[in-house]
Amino acid sequence: MIEIQHVNKWFGPFQVLKDCTSRVEKGEVVVICGPSGSGKSTLIKCVNGLEPFQEGIITVNGISVGDKATNLPKLRSHIGMVFQNFELFPHKTAAENIALAQLKVLGRSEDEARARGKLLLDRVGLGEMGHKYPSELSGGQQQRVAIARALAMDPIAMLFDEPTSALDPEMINEVLDVMQELARDGMTMMVVTHEMGFARRVADRVIFMDEGEIVEDATKDEFFGTPRSERAQQFLSKILHH
Amino acid sequence: MGAFDFGAITRALPYLWDGMQLSLLLTGLSAAGSIVLGTILALMRLSGIKPLQWIGATWVNFFRSLPLLLVIFWFYFLVPLIAQRQVDAFQSALVGFVLFEAAYYCEIMRSGIQSISRGQAWAGYALGLRYSQTMRFIVLPQAFRNMLPVLLTQTIILFQDTSLVFVVGLADFMTSAVTVAQRDGRLMELYIFAAAVYFLMCYGASLYVKFLQKKMHQ
Amino acid sequence: MKYNWNWGILFEEPYFGWLVSGIEWTLIVSAIAWIIAFSLGSLVGVARTVNSMPVRAVATAYVELFRNIPLLVQMFIWFYVVPELVPDGLGRWMKRDMPFPEATSAILCLGTYTASRVAEQVRAGIESIPRGQTAAGLAMGLTLAQVYRYLLVPVGYRIIVPPLTSEFLTIFKNSSLALTIGVGEVLMQARQIENYTFQGFEAFTAATLIYVVVTLIVVFAMDRIEKRARIPGYGVQRGQ
């Protein structure tokens, strides 16, 4: 479903992505991990074209992201994305956050959008919170609203960019639970995260990145059992013995 | 000139009130027009598209290097010439004010837009919104709200600036005060009265802006 | 658009001479007014930061009074009203013997008005210096006056070079208002040329160029000064 082929990207003279190649099948959950600055957030933003890249090809359902002729807004409306800092719109209530793109992009009616929003808020356990503004919600609640907002577009795949790293520890699980549920329902997911417990429970495959390179791309069992590269071993030992 | 003659003021109040209405109308229309134009200029400056950036930057730097008075004269002289007919001084002044003040509102809106984190725009794009929709529904409302106190302060300055239409004889509050002052030979009374009225209005408005700022920071 | 162009008119006498004398008046009025604005504004700005409540109140009142009345009104008050309000002897002198009454009024007006704006910049500059600096100065045994003299004021001024530049340019542009009381500055001369020759386009273009060029020169010069005055790692972020 998502195909990444030989992607290179530079910020000025600095190369942030080096010949990245991977693919995500329909229904697959892929966790991307690696030290900070390894390019994993950049890679995931390339998948829906938020970050442009100079070389290589990324396709989603056969549509090329980097192609100038591609209708990026339309493509993005099929791919949900959840951000590290939630990025709820602070001037709109939770329900309005969820409704906005349904109305303006999908052209749904007010009633339809509201009903769909209500359903999804229920699903992430926030059925009563629709009238609240983001500033009135906890971090964990905000992130769950953000997930509901992305789901409202009926995406074919979901991208998560460090969805829990801005959260207080006691709120991490409520967000991970929602994500785990999604995976169980068969959603195609790419997840940048340091939560190795989540990776063990939920992921099908793990990609390990370092210095802009995909160093390891293996099934979950292979990755946690016998990581092939030294860098991945070091990373795992650091992160697991903490 | 003798003692302060309050009668000179009270007698002129209806006339002065007409002038004040024109001042307020000119302020309101100019502010609305130049906020819209200023926002467009700000979007041009932030567009990343070289020619647009250049136009925006040149507009701002050009008008900010000129005295408003010169701009008022320019348009008083130019607008009828371009329109090929007699043009009301109000209209030519309005055009001048909008083009001139837009340079100042542009810089306010620019810093307002820049104060919105990049992630907000990303979130909009990620949902499939186009650039124009992301700006209209997400970035600009927030920028506008954050900048409201500064926009209002600039509008207070604009209100004071409208007094300059005196030089083209447009009958705003200032011109009316001067007219009465000269007609009745009551310069001291009318000018001090004009100063007091402007002061109370502008100071009052600035107190409201401070209150607003406090409320926003809570 | 029917219009008879005649750019040559700008270089004919007496019009060329008018423009030159306009530039002179603009620069003279701006420069002297700036001296007043800078010194008075510094004083008021420092006064807004001191501990004494009455001093602060007076300084605040000054700033609020001057910035909430349109400059044009202030111009008229300085020229027409102040001579009536001051003691008789002085008033008579102002009306009869004061040299260049129009220019003098304009200078006082622009100077005192801009002082209120400069004061705000000075205050902002001083307040942007961390409190700990004052404490450190006092702990070394400096008096409060010395702390201001050697620490707060010099550091504060370096921080506010860019806003002060724009205040100077404001005075320069605002000096055009002096035409309303009869000072023959640039804009007054341009209008006069228009009235005499009907070549408004050329006259206003000349005035426009003069303002733009002087602004460019000042911005360029101040940029150099600012670079020299900058304290490494301290303060001013710009061009963002």
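First chain written, first letter: the chains are A, B and C, and each begins at residue 1.
We adopt the following convention: contacts are C-beta pairs under 8 Å (C-beta built on N, C-alpha and C of every residue); 3 or more make two chains touch, one makes a residue touch a chain.
On a predicted model such as this, the values are computed, not experimentally measured, just so you know.
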item	value
Pair with more cross-chain C-beta pairs in contact, given B-C and A-B	B-C
Chain whose Cα mean lies nearest the overall Cα mean	B
Whole-Å separation of chain centres (CA-atom averages), chain A against chain C	55
Intercentroid distance (Cα basis), chain C paired with chain B, Å	21
Whole-Å separation of chain centres (CA-atom averages), chain A against chain B	45
In the complex with chain A, residue positions of chain B that touch it	117, 119-120, 122-130, 133, 137-138, 141-142, 145
In the complex, chain C residues that touch chain B	1, 3, 64-65, 68-74, 76-77, 80-81, 84-85, 169, 173-177, 179-180, 187, 190-191, 194, 200-201, 204, 207-208, 211-212, 215-216, 240
Contacting residues of chain B [partner chain C, same complex]	1, 62, 65-70, 73-74, 77-78, 81-82, 84, 114, 156, 160-161, 163-164, 166-167, 174, 178, 187-188, 191-192, 194-195, 198-199, 202-203, 206
Complex interface listing, chain A residues touching chain B	45, 48-50, 72-81, 83-85, 87-91, 100-101, 104-105, 146, 149-150, 153, 159
